[in-house]
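Labels for the chains are A, B and C, by order of writing; each one numbers its residues from 1.
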Amino acid sequence: MMRWLPRDRMLWLAAPALFYLAFFYAMPLIYLLGRSVIGPNGPTLSLFAGFFADEYNWRVIGNTLRIALLVTLVSLVIGYPVALALARARGLAQVMLLTAIILPLSVGVVVKAFAWQIVLRRDGAIAKLLVATGIWDEPQRLLFTEPGLVIGAANVFLPFMILPIYSVVKLIDPRLSEAGATLGASPIYRFRKIILPLTMPGLISGMAFVFSLSVSMFVIPSLLMGDRFQTLATLTGRSFLLMRNEALGSATAVVLLVLAVSIVVGSTILSRRIGKAA
Amino acid sequence: MTKIVTTDSAGTRLTRRTLLHTGAALGAGIAMPGILRAQAREIVIGGAASHKPWVEAHVMPAFEKKYNARITFEGTKSLVNLEKMQKNKDKPYLSIVQMDDPVMILAVKEGLLEPITPAKVPNMAKLKPGTVHMNGMWANYLQPWQGIAYNTNVLKTPPTSWAEALDPKFKGRIIVPSLQNTEGLPNLFMFAHLATGKPMTEAYKDIDAAFREIKKLKPNLLTVYSQMPQAFSLLEQGEAHMILGALSSFGMQRRLDGAPVSMAAPKEGIFPVPSGIAVVKGGPNMELALAYINELLGAEVQSKIAPPTFALPTNVDAPVPPGMPTDAKIHTIDWAFVAENRNEWVKRWDREMAS
Amino acid sequence: MNPAPFLDIRKASKDFGSGPVLDGVDLAVSRGEFISLLGPSGCGKTTLLRIIAGLTAADGGIVTLDGQEISRLPPHRRDVGVVFQNYALFPHLTVAENIAFGLRAKGAPAAEITATVERFLTLIHMEALAGRSVRALSGGQQQRVAVARALATKPKLLLLDEPFSALDRKLRETMQIDLRRLLRELGTTAIFVTHDQDEALIMSDRIAVMNRGRIEQLDTPEAIYARPATPFALEFVGLSTRIAGTVTGYDPDGFVTVETPLGTIRGRGRFEVGSPVLLGVRPERIRFGAEDGANVAAPVLTDIVFQGARIQAHFASADQRPVMIETSGALPAGLTAGSPVTISFAVEDTIAYPLAAA
């Protein structure tokens, strides 16, 4: 009669987390969803119709997706080689690398934002370097620009790209690449046909992590871009916290959620297919 | 008998309230102090946590001695005070609130405040114009102000006009507060004034002109902040040269700390940051409450509390603290107008000021 | 005219930091030859293999393959195939894709790839499993795919690193014969690393017995078994009975007389009188009963071990040193533990080694 219960008792270990998620995540989320589709006269989609009719909101969606994609891309380009190196490193070198990757997580975003100001400002290290090397004729503004935001956000989220990839790479038998070499495959071919497909699960989860984090980041854009650049997350925050417009906030939150979930799920399916085809 | 009781955080508020309201119903040990309090005259003031130091140092001791009374100061946020008043509307325990003007408007709308008159608060007669609002619903006891904060290493002389910020030489060097911050609103009115050339009292309603003019600032904007410390850090590092609409309480404190910043009061005028005080409708010990307000509006107390808060006194007899503008034009903000339109302005700001 | 060897290794050396793993190894291999590197773990055989493949950089030495020096080439330019101990099959690819990998990497035409893959699938009897994921294969099947994958690019040289060690004994024996036959058909030159002497004896044209980073003996399986060049080769290849003693005389024909706990024994070797030596005899060369002209002794029987086709009899000499006799026939009647038994073994089958070297 208890047939619906999981047969494996170990599965019960997930129960506290499931209850926790149900109460503190699923229920508020469902409430939020309800908020966005139920008007004073019953169910309605007018909130969304209004939201999408406003050209400005499309710009906000564009900002959100563009920044999230760029942050994901930059994290990937920087993080992937690091993950490979980390998996290869041994002993003290590995410990130091891991520490260097994880420790910055303990520094709050606000502190980091202040640190970046010092590096990114017009008389900061980067500007000085670019002027000294002749790439720039004169110092340019880096602070409060989109590149600055992308660099900063990628810096914060990098560990979330590196660690999932690393956890997959370290399980790959180093002999596979050697086998490829003895079969006449160049390093690039080996990377494309062996390492890349085998690390794909790590890449997918890393990208999903960073994309989800950057599509919903709130504090980083407000510190690194200021108030002139709105994303769905900052717009949501403002609707709730300042404008006290909970309906609008629910709508933007739902749009954000739907976009993030569909992109993460969609790209996961797509990458799996590509991984299999490669 | 005098005793000072202060609480300074929202966290202890519940305990206190529980104590005050259920004390009688509980055991004798807890009920006793409640009875004692009722005998000694006491008022409870709801104010900001940041008020606590100067209330304790400069207001409380003299007041308690003079009136043989006790003050309980609950320092929290304006909106929390509003909530306290709403929740206890039938049986208020706060006698006085010290809150920001925009919150005062909300309190008035909810019918939580009672007007004060010069008959009961004689020092009201000594106040500068524009410091008594909505027919005496509240008065300003201090005026911290908003002007231009500038980096003293870059600008050797203080800016004399708000229009200087439009000079192309400040490309990417100007910071303004976001409209979602209360201190962001005066810039809008100032630029309406700059655009129209009309007196501020007329100009501020021309929001279209305001946006038209402030958009000219875009090339010069480094950023629009929502975190004031960040803005000041950029100013002090020299990445920014000016913050339009900076708070004197913040900017003067940084100057005192040795940062290369100063506050300027340009010729077009400055804006007071509303520090209001009001009587809670139906609050206990009304005479005592009015006496307290009278003290706070008096020259003696204001001359003590203006310097540490880098504010201008509102009583004409109180001297302007050294380092503060003495002859600046002070504009009053129409907070009712703000409350009505702010969300619309924020939306428009997002669209028109976007980078 | 003696042609240059197909594979020529000169003075290969390697030290990972804790003493030499390879100590100046020379090895010459002819085209089509199957050579085993036989030795215990840590003898340097796998390191030598990896140096030939280019997977490990040698500290010194030159490797020449088919007239071309390959020492400095990266592994993918060496044309040396490798079958790894764990096979290292690509887990994300099918059987056919694994076999095709090398050809694809080299950019072979599609038609050639298809034909080669089909041919090798037939050779390893796995046509039906072409589309199967390699993760779904048995150990033996994986090994065959690994061999086919390595051979599909027609490498000049095939290296095999203990490819049978993960298989059970019965499967191993059939696969050894299959592999030998396949390599012979294709005419592949192969170097085979193993610590299993039986495997080496069964498969090899020649065996290089390795110990402590050196090749101690390089010869045919028969020669190594009959005439181990060193006590290590004697001990590592096949069973042996060993008795220590002191030389008491020698003759110019290359025989020494040695005083041992088993009595006076003659054996092959050139040593001065008084040298400590180790005498080694293969157990199956020892017979029961006295024989003229042979070494004769009478140790005490301690144990009889029945091994199916063979029977081992264990004896102890006067000083309790063990002596082993191995016979495939029946033991003499009336053997009882504790009683002395007369045995004999030919002087030619007895070899003396310097004891210090043991």
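By definition in this document, contacts are C-beta pairs under 8 Å (C-beta built on N, C-alpha and C of every residue); 3 or more make two chains touch, one makes a residue touch a chain.
These numbers were taken from a predicted model, which means no experiment stands behind them.
Enquirer: Can you name the chain that lies farthest from subunit A, using the mean of each chain's Cα atoms as its centre?
Expert: Between subunit A and the rest, the longest centre separation is with C.
Enquirer: What chain is most central when centres are computed from CA atoms?
Expert: Central chain: A.
Enquirer: Roughly how many whole angstrom separate the Cα centroids of subunit A and subunit C?
Expert: 56
Enquirer: I'd like to verify one number: the distance from the centre of subunit B to the centre of subunit C, where each centre is the average of its C-alpha atoms, in whole angstrom.
Expert: Here subunit B and subunit C have centroids separated by 92 Å.
Enquirer: Centre to centre, by mean C-alpha position, how many angstrom separate subunit A and subunit B?
Expert: Each chain's C-alpha centroid was found; their separation is 40 Å.
Enquirer: Can you check the complex and tell me which residues of subunit B touch subunit A?
Expert: Touch residues, subunit B against subunit A: 172, 178-180, 221-227, 230, 233-234, 237-239, 343, 346, 349-351, 353-355.
Enquirer: For the complex, which residues does subunit A have touching subunit C?
Expert: Listed in rising order, the residues of subunit A that touch subunit C are 173, 175-176, 178-187, 189, 193-194, 197-198, 275-276.
Enquirer: Inside the complex, what are the residues of subunit C that reach subunit A?
Expert: Subunit C residues touching subunit A: 53-55, 74-82, 84, 86, 88-92, 101-102, 104-106, 149-150, 153, 155, 159.
Enquirer: For a test of understanding, state which residues of subunit A touch subunit B in their complex under the given definition.
Expert: 56, 59, 110, 113-114, 117-118, 121-123, 141, 143-144, 222-223, 225-230, 238, 242-243, 245
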